[in-house]
Amino acid sequence: MLLSVDGLCKTYASFPNPPVQVLHDVSFGLDAGQALGLVGESGSGKSTIAKCLMALTRPEQGSITYDGTDVVRARGADLLRFRRDVQMVFQDPYGSLNPRMTVEELVGEGLLVHRLEPTPAARRDRVAEILRTVGLNPDDRGRYPRSFSGGQRQRIAIARALAVQPRILVCDEPVAALDVSVQAQVINLLQDMQRQFGLAILFIAHDLAVVRHLCERIVVLHKGRVVEQGTRAEIFGSPREAYTRALLDAVPVPDPAVGRARRRQLQHQS
Amino acid sequence: MSAPAVSVRAPRAGLGLSAFEASVIGLVVLLLAVAVVGPLVAPESVYRSDIANALLPPGAGHWFGTDDQGRDVFWRLVVGARTTLLSAFLVVTLYSLIGVAVATIGAAGPRWLDETLMRITDIGLALPGMVVALGFAAAMGPSLRSAIIAMAITGWPITARLLRGIMRQTMEAPFVAGARALGVSRWRLMTCHVLPNSLDVLIVKWAGDVGTTVLVLASLSFIGVGAQPPSAEWGATIAGARGYVSTAWWTVVMPGAAVAITSIAFGLLGEIIQVRRDPSLRGN
Amino acid sequence: MPALKVYAWFLLKRLGLTVLTLWGLATLVFLMIKLMPGDEAQMAAGADASAAQVEAMRIRLGLDAPLVAQYLRFLLRVAQGDFGTSIVTLQPVMSDLGKVLPSTLELVVVAMLINLSVAIPAGIVAAYRQGGAFDSLCRAAAVTLGGMPAFWLALVLQFLLGRVWRVVPISGQVSFGMGSPVVTGAPSLDALLAFNGAGFLNALWHLALPAAVLAALFSTQVFRTLRASLLGVLRSDFVMAVRAKGASARRMLTDHALPNSLNPVLTLAGTQAGAMIGSAVLVETVFARKGIGAYMFNAVAQKDTFAVLGSVMFIGTVVCLVNLAVDVMQLVLDPRIRSAQFGSQH
Amino acid sequence: MHMDRTFQGSPTPGPNATTLARAVGLTVDMPVQLGASSVRIVDGVDFAIGVGERVALVGESGSGKSVTARALMRLDRAARVSGRVEFAGRDLLALSEREMTQVRGGDIAMVFQDPMSFLDPLMTIGDQVAETLRIRGVGKADARRRALAVLDELRVDRAAERLDAYPHEFSGGMRQRVVLAMALVGEPRLLIADEPTTALDVRVQDQVLDLLDDVSARRGLAVLFITHDLGVVAGFAERVMVMYSGRIVEDGSVDSVFARPRHPYTRGLIKAVPRIDQDLDRLYAIPGAPPPPFARPTGCAFHPRCDAAFAPCLRDVPAVLPVEGGRAACHLHASQGA
């Protein structure tokens, strides 16, 4: 197992309000090259898991192990290696790119920080190459994020993450803020990158349809607890838990016949 | 989220200065030019008293009349412009530097240090700035230098609080979390990501602050803890002429008008910069 | 939600900040005393004191003790309300200022009333008709007034209205022979207590110009703050929802937009109440009114630094207490906190 | 720019419905914040809504769907609205602001996307729901009683004890019910719902949709449902109108639009959405992004993203022409002589 999360607990305190425990004993694992979906409603703790995973916040209990390294307590060179191997793509394509950096600086920052390409010329070539890979024009590398649309910015964010050749990509709701007609582009890109580079993807989302499309394994969260986890076929074909079923039933299907049938069923019940 | 997303960077024609904006900027440039050139071109008689010509009303020889010492009021204002503006710039620069330092140390340093600095800032904010400045200036011995130091000491908390707030917001932006997740060092995080995205607010604040500072400096001089009488600083000039308001109004009205015009010009400049940043505040 | 705890915590925090601020103020004043050039004991004893008198004063003030001990002793003195002694009046600064405080408060209260009653309606109309003629006029007036030195405005208006057009008295607090027996120290209040109607009106007549000048200085901030706040609220979503219900513009403004935009104005007014006491120093002296501003001005003129610093301590303390009062008022007015106080209804 | 467009008569509601509201050539210009120019957000839109009919208006960001909805009620003070908006035979754009306040909340009501930001944080929910009635001169006690009745109808838990609570004391789903109660208490005939479930979790969204479905059926209430979510449209609406860059590109019954989308944009949109009930290896992706209103392409605004575009698409704005089961604005259909 490439990354394993075991017994994670996290509490937020905001005196004078009582402390809120947002994660209760959360455990799951991610294999190399696998796409794992983390689904849950607001307040399920999925974003907190992402923060813990990225070592941006420290859980008070539990462990996160990446390739033999204890991420929670990692320091120095170990932490830096982890920070190179595990990259993240955020939800908000407007806030997740420093507005004062050019595309080249953004995509090249990881190369600079991890000293991957020694010369500026080599860095520039690498940036151009990765921009082409994610479907952007390398000639745009001198432009600033504000002159790109939401979908293009998400491509820049993906390029920035992939530049350092990570093994895991953590995606926190990467398409939730995009227009419907643009979401498919980014979903397809993530799928291509996973296949092309053998990336493991941890896909955090509230949209079950997207998760079904992208992920082989799914973890269902509710109020900071893992309710159910299993393969795509298990979760969507024969969910064991009532909560999972309720969640699946509530997702609207873009098919009028299905919608009407469901209405009739509800009326029948009431 | 809820407002219809129509304001996606609508087209804007270049700088597009309106006539009003252009005239405000012109006025500020003129004031700066007077401050730079004034003392070089002023006639030497400005510095000498000439009792025979005391308190002459405005006329051809003396555009703004003469004061109780017989000195030309207009040229004294021109000479005083440098002292007044230079002092104001000095004050704003000094307290901005202190404010930036306090905010940055708070943001980069450990939590207890941040908390301590912010509590000290709160104390500074809760006290009436001018009164405390008056106390400091009086204690150090009334002089322009004392007034400048006193205002720098009392002025920084507003900058520190404002900048710290903006930096806190910036540090919550996903791109900062992203930079941390990428393995960026603390130093690079502050200098490349947080500070460049936070300092805007000072640029906006700067012009308005100069306007206010001109006023407060003049007030301190008027009370007697700032520049002292033979100085051509405008506040001191008004203080010196105070007794002549009913007999020679020009000795009081002219320097006051100079203070007002300067303060208003810089205040307007600040407002123009602010409106350009946040167009929702504008009037038409 | 543990409601009472939230409420108590809020109060405790504000109270703590007030105590902290007073301590900071005392520390600053101590620093100022130490910054004074020359021998402190000599200054306290007076320029013509003998060497023995100076030494006695040094021991009396504890200046022979180490600095830390001096500091602690100073804090203790301040905590007991001893803000130093004037070398001119030879009275404790506290008692000197206590006598003139009512006069300053009278000025500040009237100025605050004028300030709010002009700036708030102007701010409402200007924001609602953003970009209209009234808005432009008010904004121009705010910029102009905000840029004028208060003491200069006072001098010019005093000259024009008092001396040239003679519509208001030039100076003083009440005309000769119109005064009432001093009870509170505030002439208008004293007149009321003495059932002296003419004296009351006369005192107000004397107050009009100084208060108006002080108000003009501060009303520009109130106007700008309310206008900006109201513009923000008017653009907010719930205002659109109120319009969608069919509410008239008037109802939308008075019942929804205004209550939601007053908070920053209240905060500002609290700060201003304190700052006005400080600015009295610029106005009282021009109009030859009694008050802590005039006291401070005279102290500066007579190089009575102890009195100046005592006044700083005194004004700072009054400002802190006013701020605390405003904070508590806000607490009482905001239902988001108020409802928590009485238990939330989940 | 839109002058060369031909309207094929006046727009009609779905079959078997009498017209309740109608927009003809509805155009909305918004002032640009700097400078005196304005941007055309909605560019000559025609549609009709029948009595009791449920119509969905689907579009992405910048399509002008919310602006269209607000223009119907003349809610946005800055917007310049032209064309005609008829409601029960009256032209709303010709009414005075005073007459319009009678229409708002009385004839037409609105619910919004984010219930928290659309409630006054300083007023109790009882007062906010009752306000719609108080404006119309209903007495205090009476208004309160009727507010309570509507809150009960919308299944707000313990409504009676919570009339005096403030919005921050409610959960997201309950707040949306309060907003819905605010709209329904005036007994409107048309409810405009602007993305009312977008900010909610799926289970809560399902409940609110259910409630809306129930209420509109029981009261014979017409609903204009604005959304970007095709799934929600399919389950709720009888008719769908698709907007793209300020214009309606397709309008038809849900069945015909989902089964046989006529406009390439609609077709792409349906294929681009992953489905909870199907496995696909790869999604269809429409290239590019929706244009901002100030950079609307010439001709058919969709042409730069359309794989079927040909010469006329670059040149002429396609007319909205009748097709089987509805209307569509696409040169492909015009050239086929539909």
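Residue numbering begins at 1 within each chain, and the chains themselves are lettered A, B, C and D in the order written.
Following the convention adopted for this analysis, a residue touches a chain if its C-beta (ideal position, glycine included) is under 8 Å from a C-beta of that chain, and two chains touch if they have at least 3 such contacts.
Keep in mind the model is a prediction, meaning the values are calculated, not measured.
A.B. asks: What chain pair has the highest count of contacting C-beta pairs?
C.D. replies: B-C
A.B. asks: Which chain's mean C-alpha position is nearest the mean C-alpha position of the whole protein set?
C.D. replies: It is chain B that sits nearest the middle.
A.B. asks: Let me have the rounded angstrom distance from the C-alpha centre of chain A over to the C-alpha centre of chain D, please.
C.D. replies: 32
A.B. asks: Where the CA atoms of chain A average out and where those of chain B average out, how many Å apart are those spots?
C.D. replies: Chain A and chain B have C-alpha centres separated by 48 Å.
A.B. asks: Can you check how far apart chain B and chain D are, centre to centre, with Cα atoms defining each centre and the answer in Å?
C.D. replies: 51
A.B. asks: Quick one: chain A and chain C, Cα centre-to-centre, how many Å?
C.D. replies: Chain A and chain C have C-alpha centres separated by 54 Å.
A.B. asks: Which chain B residues reach two or more other chains?
C.D. replies: 2, 9, 280, 282
A.B. asks: Which positions in chain D touch two or more other chains at once?
C.D. replies: 61, 70, 112, 114, 117-118
A.B. asks: Given the complex with chain C, which residues does chain D contribute to the contact?
C.D. replies: 70, 73, 75-76, 97-98, 101-106, 109-110, 112, 114, 117-124, 131-132, 135-136, 161-162, 164-166, 168-169, 179, 182-183, 186
A.B. asks: Contact residues on chain B for chain A in the complex?
C.D. replies: Going by the criterion above, the answer is residues 9, 173-175, 177-185, 188, 192-193, 196-197.
A.B. asks: Would you pull the chain D residues touching chain A in the complex into a rising list?
C.D. replies: Counting only chain D, the residues touching chain A are 60-61, 201-203, 205-206, 209-210, 213, 228-236, 254-255, 258, 265, 268-270, 272-277, 279-280, 282-287, 289-290, 305.
A.B. asks: Hey, which residues of chain C end up touching chain B in the complex?
C.D. replies: Residue positions touching the partner: 17-18, 20-21, 24-25, 28-29, 32-33, 35-37, 130-131, 135-136, 139, 143-144, 146-153, 155-156, 158-159, 163, 228, 231-232, 235, 237, 274-275, 277-279, 281-282, 296-297, 300-301, 305, 308-309, 311-312, 315-316, 319-320, 323.
A.B. asks: What residues of chain C sit close enough to touch chain D in their complex?
C.D. replies: Touch residues, chain C against chain D: 236-238, 240-249, 251, 255-256, 259-260, 334-336, 339, 344-346.
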